[in-house]
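So, here's a batch of structures to check.
Look for chain A in each of the two complexes below; its partner is chain B in the first and chain C in the second.
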Partner chain A sequence: MAFYCCGRLGNTSLLGNLAKFRTALGSATYAQAAAVPKITFKKFEPPKEEHHDIRNERLNRPLSPHLTIYKFQITSVLSITHRTAGIILTGYATALGLGALVLPHDISHYVTMIEGLNLSPATIFLAKALIAAPFGYHFANGIRHLYWDTAKGLTIKEVYSTGYAMLGAAVAITLFLAAL
Partner chain B sequence: MQRSFRLFSFINSNRDKVCEILNKPYSGHKAAPTVSKKPVDPRRIFKVYRFGGIASKEKPQVMNYDLDISTCGRMVLDALIKLKDMDPTLVFRRSCREGICGSCAINLQGSNCLACITAIPPDKTINIYPIPHMYVIRDLVVDMTHFFEVYNNLRPYLVRRDAGPLGKFQYAQSIQDNAKLVGLYECVLCACCSTACPSYWWNGRRFYGPASLLHAYRWIVDSRDEDTEQRLFELRDDFRAFRCHTILNCTLACPKGLHPGFVIAKLKRLIAGLDKKPPPEIDTMKFSSSGS
Partner chain C sequence: MAFSMMLRRPVCSGPIMQQVMRLATQPAVKPNLTQNTIQSLKSTLLKTETTPIMNSVRSFRTSAVRFAEGKSGDHSKLWVVERVASAALLPLIPLALIAPSKILDSALAIIMVAHSFWGLEAIAVDYVRASIFGPVIPKIAIGLVYLVSIATLGGLFYIITHDVGLANSIRQFWSIKAGQKA
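Moving on to the complex of A and B:
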């Protein structure tokens, strides 16, 4: 503002010569410094679509720990046991199916073979219980799952109580099958 | 602990019926942590997951901090702030300090919670990790972009067939219809439930996760929303809703006491067509003529 006025004054009398002198000397660099800073414009480019995993892999970000740190809770433990029991039962079905297909003898031959081992009744009961355990558990928990599919029995209290009831039923079914 | 809420009392003919709905507690139940009678030593060890960020080129590690919790407030967030005083390089998200913003979700002693409303547990060693199976940006801060992207994709707003003049009048909703939203609207999108779900860990990209499914149900069951068919059609998929195997880790993790597991079961029935959304109890356009 003052500088501008000086310029105005410079149009008249001898103060003007002074102003013109100063103007000639420093105005170029001073004006540039006092003026608007240099702005460069770039055309807007929307961010490239990148899949969440690909972007994070590219950035080398680690994954926060999950299985190694998460608490084992009754909900998740019973659920994964249900899945494991199911896989074991699938193994049984596959073994029986493949066995029936490829093994040379009748099933009665293999039953006789096991009888020939002369194991104590306790050992036989234990073995039968171990084999029947996945079935008992998966059956009992399966009923619980079907009950959940009706959107009932899902409060935490009920999940816990049906969970314990299911474990009892699983043991009962296992012992029943082992006693056969 | 299950508490019943009397939101307001009023005098009319269906008072008892409505009060019954409003008195219904949250279906989620959090077992109160057992408080031991003998005083615990306030000097605790905090084991905190640290990662300097991708520019630092260091590997993630767990650092031990000694803190006397009698010098800080009761909540884990207070302890974290005190730890930040000791070590300014510790980084975590926080905002409201009252459990309403959902920023400070962490994994504490193996379960997810909000740091600002969770009291420091009476254990000697306290393990603090970021919420599981998420890409870590720095220390306890994780990349939530995909979580919010999925939430935005389910159109979390009212959709009406004829979008008339917006804001001119209120969409009418009966008290019972509004009560259906209790336990659904309180979700703060903290991601505690979704990151507690093992199915979300393994199928995080295609499975929506309990938080988004809770919100999907919230918009489907809202009597004012008219796009139910399209919303259910979008969820009719092998992955979006049906990767839920009723593991129920989500309900145990929810810091607000909500019940995503139950809500997802109801949602699955709606998607399958076993249940139908009831029509609104009162005409939604009731106030359109009078206006205000």
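Moving on to the complex of A and C:
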């Protein structure tokens, strides 16, 4: 550093250098007067791998409100309805499958039993529409999901327009099936 | 479903496979640090930060189920299978209902139960989380999903083999006639 200062001395005016020396000396005494804390170093230990939720639980971090505050939009509503329709359809399949395993009679027996209720055509149409609705919705929205899986139609405009088109298709499928 | 069950077997996702993958992605040449200091010796003994040559297969957590168990897994291939199954259902359902047959019924039963299984599994993984329910209940939930799916498939195959079949059952149910007014 002394060599460096000599070099600098050779380059600038004497008075200017005197001023630099003075401030340098002044800052040196100033540094000695203030207590510089002794800095110790700890070897870096990468944080142990922990599931995000488990860590937050351990640190007792509060969770921000989400479902309770976020506005219901057609995007989220259509999505959760798709899942709900899927659950209902699985319920149909499970009822059919488990029923066949545990119930004593075959299917025609129970079909005859329902026919014995002598329901009106309107009731039958309504019942069929209600039963077919989850299927129509899940079928139409399923096509929309597969369209997304080809990485198309992912802009918000297209999500909305395909959403409305899907709802129309779902209603059409439901009414068609109920009329069969 | 059998495929996804096979991928979840310990042999396909256990420590041996992970070790194989780790070896496959090791760097061919480690950097020649100054071997004199203890510091650099430690760093060569422990995992270094070098970029592996074969970095094309980087295992990262994509499967939510695996994440919950704390293991890493690649769900991408199964994802494609799931979409193919969904796409297959689109023509299969109308076809099986229009032209009832044992073959179409069986195909329908298998693909539909697989589709339902993947859906229920996603629901269980999304909502029955370890951070809320603890370590045991999520595993019970997944077990129940397996149970329900296997039982449903068994029941549907019972209908196909010992009863009129799936398509005919649905058709029979759907053609329930209205009551006759006197």
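FYI, the second predicted complex is superposed on the first by the 119 of 180 C-alpha atoms of A that agree within 3 Å, B and C clash if a C-alpha of one lies under 4 Å from a C-alpha of the other, contacts with A are read in each partner's own complex, and residues count from 1 in each chain.
The rule is short, and it goes like this: a contact is a pair of C-beta atoms (placed from the backbone, for glycine too) under 8 Å apart; a residue touches a chain by one contact, two chains touch by 3 or more.
Quick caveat, the model's predicted, so the values are computed rather than measured.
Once the two complexes are laid over each other on the shared chain, residue contacts for A:Asp53 go to chain B and to chain C alike.
Judged by the touch definition given at the top, the superposed model places A:Ser108 against chain C, while chain B stays out of reach. When both complexes are overlaid on chain A, the residue A:Gln73 reaches chain B alone and has no touch with chain C. By the touch criterion defined above, A:Gly97 lies against chain C but remains apart from chain B after alignment on the C-alpha atoms of chain A. Touch criterion met: A:Asp149 reaches chain B and chain C at once. Touched residues of chain A were counted for both chain B and chain C, and C has more of them. Overlap of the chain B and chain C contact sets on chain A: residues 51, 53, 56, 145, 149.
Of all residues in chain A, those touching chain B in their complex are 51-53, 56, 59-66, 69-73, 75-76, 79-80, 145, 148-151, 154-157, 159.
Chain contact summary for the complex, chain B toward chain A: residues 27-31, 49, 51, 54, 59-60, 107, 109-111, 127, 129-137, 142-143, 145-146, 149, 196, 198, 201, 205, 245-249, 251-252, 259, 261-262, 265-266, 268-269. Across the interface of their complex, chain C is touched by residues 51, 53-54, 56-57, 83, 86-87, 89-90, 93-94, 96-101, 106-108, 111, 114-115, 117-121, 123-124, 128, 139, 142-143, 145-146, 149, 180 of chain A. Interface of chain C with chain A (complex): residues 67-68, 70, 83, 86-87, 89-90, 93, 112-113, 116, 119-120, 123, 129-131, 148, 151-156, 158-159, 163-164, 166, 169, 172-174, 176-180.
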